[in-house]
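For reference, chains read A, B, C, D, E and F in written order, and residue numbers begin at 1 within each chain.
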Amino acid sequence: MAQPKIRLARKITFSSAHRYFNAAFSEDENRKIFGSCYTPYGHGHNYDLEAFFEGKIDSKTGMVINLRDIDIMLKRAVEPLDHHHLNFDVPEFKEVVPTTENIAKYCFDKISAQLGQSGNVRLSQVRLYEGHDLWVDYFGGA
Amino acid sequence: MAQPKIRLARKITFSSAHRYFNAAFSEDENRKIFGSCYTPYGHGHNYDLEAFFEGKIDSKTGMVINLRDIDIMLKRAVEPLDHHHLNFDVPEFKEVVPTTENIAKYCFDKISAQLGQSGNVRLSQVRLYEGHDLWVDYFGGA
Amino acid sequence: MAQPKIRLARKITFSSAHRYFNAAFSEDENRKIFGSCYTPYGHGHNYDLEAFFEGKIDSKTGMVINLRDIDIMLKRAVEPLDHHHLNFDVPEFKEVVPTTENIAKYCFDKISAQLGQSGNVRLSQVRLYEGHDLWVDYFGGA
Amino acid sequence: MAQPKIRLARKITFSSAHRYFNAAFSEDENRKIFGSCYTPYGHGHNYDLEAFFEGKIDSKTGMVINLRDIDIMLKRAVEPLDHHHLNFDVPEFKEVVPTTENIAKYCFDKISAQLGQSGNVRLSQVRLYEGHDLWVDYFGGA
Amino acid sequence: MAQPKIRLARKITFSSAHRYFNAAFSEDENRKIFGSCYTPYGHGHNYDLEAFFEGKIDSKTGMVINLRDIDIMLKRAVEPLDHHHLNFDVPEFKEVVPTTENIAKYCFDKISAQLGQSGNVRLSQVRLYEGHDLWVDYFGGA
Amino acid sequence: MAQPKIRLARKITFSSAHRYFNAAFSEDENRKIFGSCYTPYGHGHNYDLEAFFEGKIDSKTGMVINLRDIDIMLKRAVEPLDHHHLNFDVPEFKEVVPTTENIAKYCFDKISAQLGQSGNVRLSQVRLYEGHDLWVDYFGGA
């Protein structure tokens, strides 16, 4: 009942540069907290973003949501990030450190805003991989 | 207490052809809704099916459920699908569109029926990958 | 000198249905030789195609060949196969059994024909995966 | 509210030998229950351990937990297992069968003990892969 | 002409324990040369073995070699290794250190011996993965 | 004899930012040739570097080359690149466009220089992945 019954997930990839840096920290603090992620020009990653859409199977189409609609939303969500430097090119990360946690939240919010208030389907989770051995699951609302 | 404590998961692969088509739709509707998945003879995929068995660790065997038993159930569940055309060879998909959603539900039901009412272990989820970037999680009961 | 020095490789994915069948064989022969791949409507796979372009690094662009050009060629090569049934939809496989071997050769020839006689870059190999545990390497000219 | 909002996951790999054997079982029982896993000297695996840390995003660092701290905890947790024979070298598995289930529980407990009572972050899950097609999710408390 | 034209590759997985140890070395030498791989009971891995069969496409079957024949040969080759401790259970590794190099050579020889003198197909290479980041390619004849 | 007999391969990962840009090109040329890779601050990738060491199996150790030695060389080779911006932080890429081709060559040369003139082992190839669907093989000497 309250439990999710079915969800469809889709993966999309993008490539960005970033650096970990907080202007409110001293240089020493930045270095100590962010380690090798604190360099002036940054480094980068291939990010894999997975989005989970929760809903019900439409008995006529057999679908929870049309893949075509998902792909448009995902592409729009990551377009400002893909092939860009998050700190320098993306307004949302001027003040906010572009950690995997914060990028996951960014992606969730951008997809969720497009999905809107359609009663049948909701974005229940995104998973964002920074690499094969590090990722974040974000469930919204935080 | 109510929360799951431990689960064992097993993956199995099968290869099937399918097409997306609903006889109740006009040709235009079929084409519009199903896009490139609507062709007369269909296309195909390697499907990866993951099944999650929830239970308790038996203190003597160290197991939630014996892998040998799982493998028999999984094999029986996918045998009617493997190396077949879902629309033409599988009775359950004569009327039902063989989307990833519906195939996931099919697999869940076929495994669950074999597991039966053993009090200790239940099938809590299947995950069905149609490709590396598209999959469905089905939790039963829908 | 005669040995390859550098090559750039690119992967693209497509999904097709196929069946193994030779009209010149008896039903018994078809069944014996092709086993579970011999069913009337076929089954399917996600194919991963990798194409290897051999050449020299252009000192100004740093490239062996522009990725944009590769992507156009690869897309055109697999478009007739993707989301189609190879036996029924693709003229080249009306008489030729669509094994991984023959599909690899098909892809090599289609990419190679587009690359043409540019003196600097040649297609030296394709690798075609039918699944994670089965693939073919084709080097041209056979 | 009660629901998790965000979690960070990290993967680490280790390689161990093990055998399935319970001294309380007869040889026949051992053979029947453990099959090919019951041999005198054992066999082995590359294990992939994933640990999930649940918490809140610190607004200054953008992190749920510092990766440096995670890596120390994970390394300490698997060090007694890595490049060892679980049955012969690890005290915890002298009496307990080193199944994937029990090794997952072992890892969870070892990481959890290091994390301690920090109010902000808790270990909510480990996933332990014995191979690409078999794994266990353990959520603590069992 | 002299160059290979086409080859079919197949992957199979097995799980073994091993230790690195040479009785002709002093304990100090063993420890220095073999490091963490030198422990009395050993550790283990999931090995992925890939075998490459070079030949010509048979125009009637479309195959270089029938997959059914390959699978029998590969299974027989790895059966003595799978779920065993290489040093203690496999005669060939009583004296020979079971490094990835030597196991690759073992597998090549065992498959090659079964393939025999069939003029059309030859085993041109095996690749043996000890893990995702370490493997050996062996081309025979050494 | 002239043919390679055996080679050991090792993978290492690093993360860098880069941009495609040639000061000798006009802005229009840069944009046309480099497309989305031409932005002022760049983007980034997780790079997977594979190095292939060709030699002979030492009969006493069973090894072509000791893994410990490889790991030191690989780490030193990629350290100047890892968690850095190639264009701004790495002298070799001040003038040279940091394409996958040129980075592969850089890595080959840095490993090769460390390996030196040891008669038994030579670096025969590096493979550098920029992502799962794009990579370069470099064989030296170009």
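Things worth noting here:
Going forward, a contact is a pair of C-beta atoms (placed from the backbone, for glycine too) under 8 Å apart; a residue touches a chain by one contact, two chains touch by 3 or more.
Predicted, not measured: the structure shown is a model, and the values here were computed from it.
The minimal number of chain-to-chain contact steps leading from chain B to chain D is 1.
Looking at which positions face the partner, chain A and chain D present mostly different ones, since fewer than half of the interface numbers are shared.
A centroid comparison over C-alpha atoms places C as the chain most distant from chain D. When the C-beta contacts at A-B and at D-E are tallied, the pair with the greater total is D-E.
Taking each chain's centre as the mean of its C-alpha atoms, the one that lies farthest from the centre of chain F is B. Chain centres here are Cα averages; for chain A and chain C they lie 34 Å apart. Centre to centre, using the average C-alpha position, chain B and chain C are separated by 29 Å. In chain E, the residues that reach two or more other chains under the touch definition are 132. Those chain pairs judged to touch are A-B, A-D, A-F, B-C, B-D, C-E, C-F, D-E, E-F. Across the complex, chain D is touched by residues 20, 22, 24-25, 33-35, 96-102, 104-105, 132-142 of chain A. On chain D, the positions that touch chain E within their shared complex are 13, 15-18, 36-37, 39-46, 82-85, 87-89, 130-132. Within the complex formed with chain D, the chain B residues making contact are 3-12, 52, 56-57, 60-64, 66-68.
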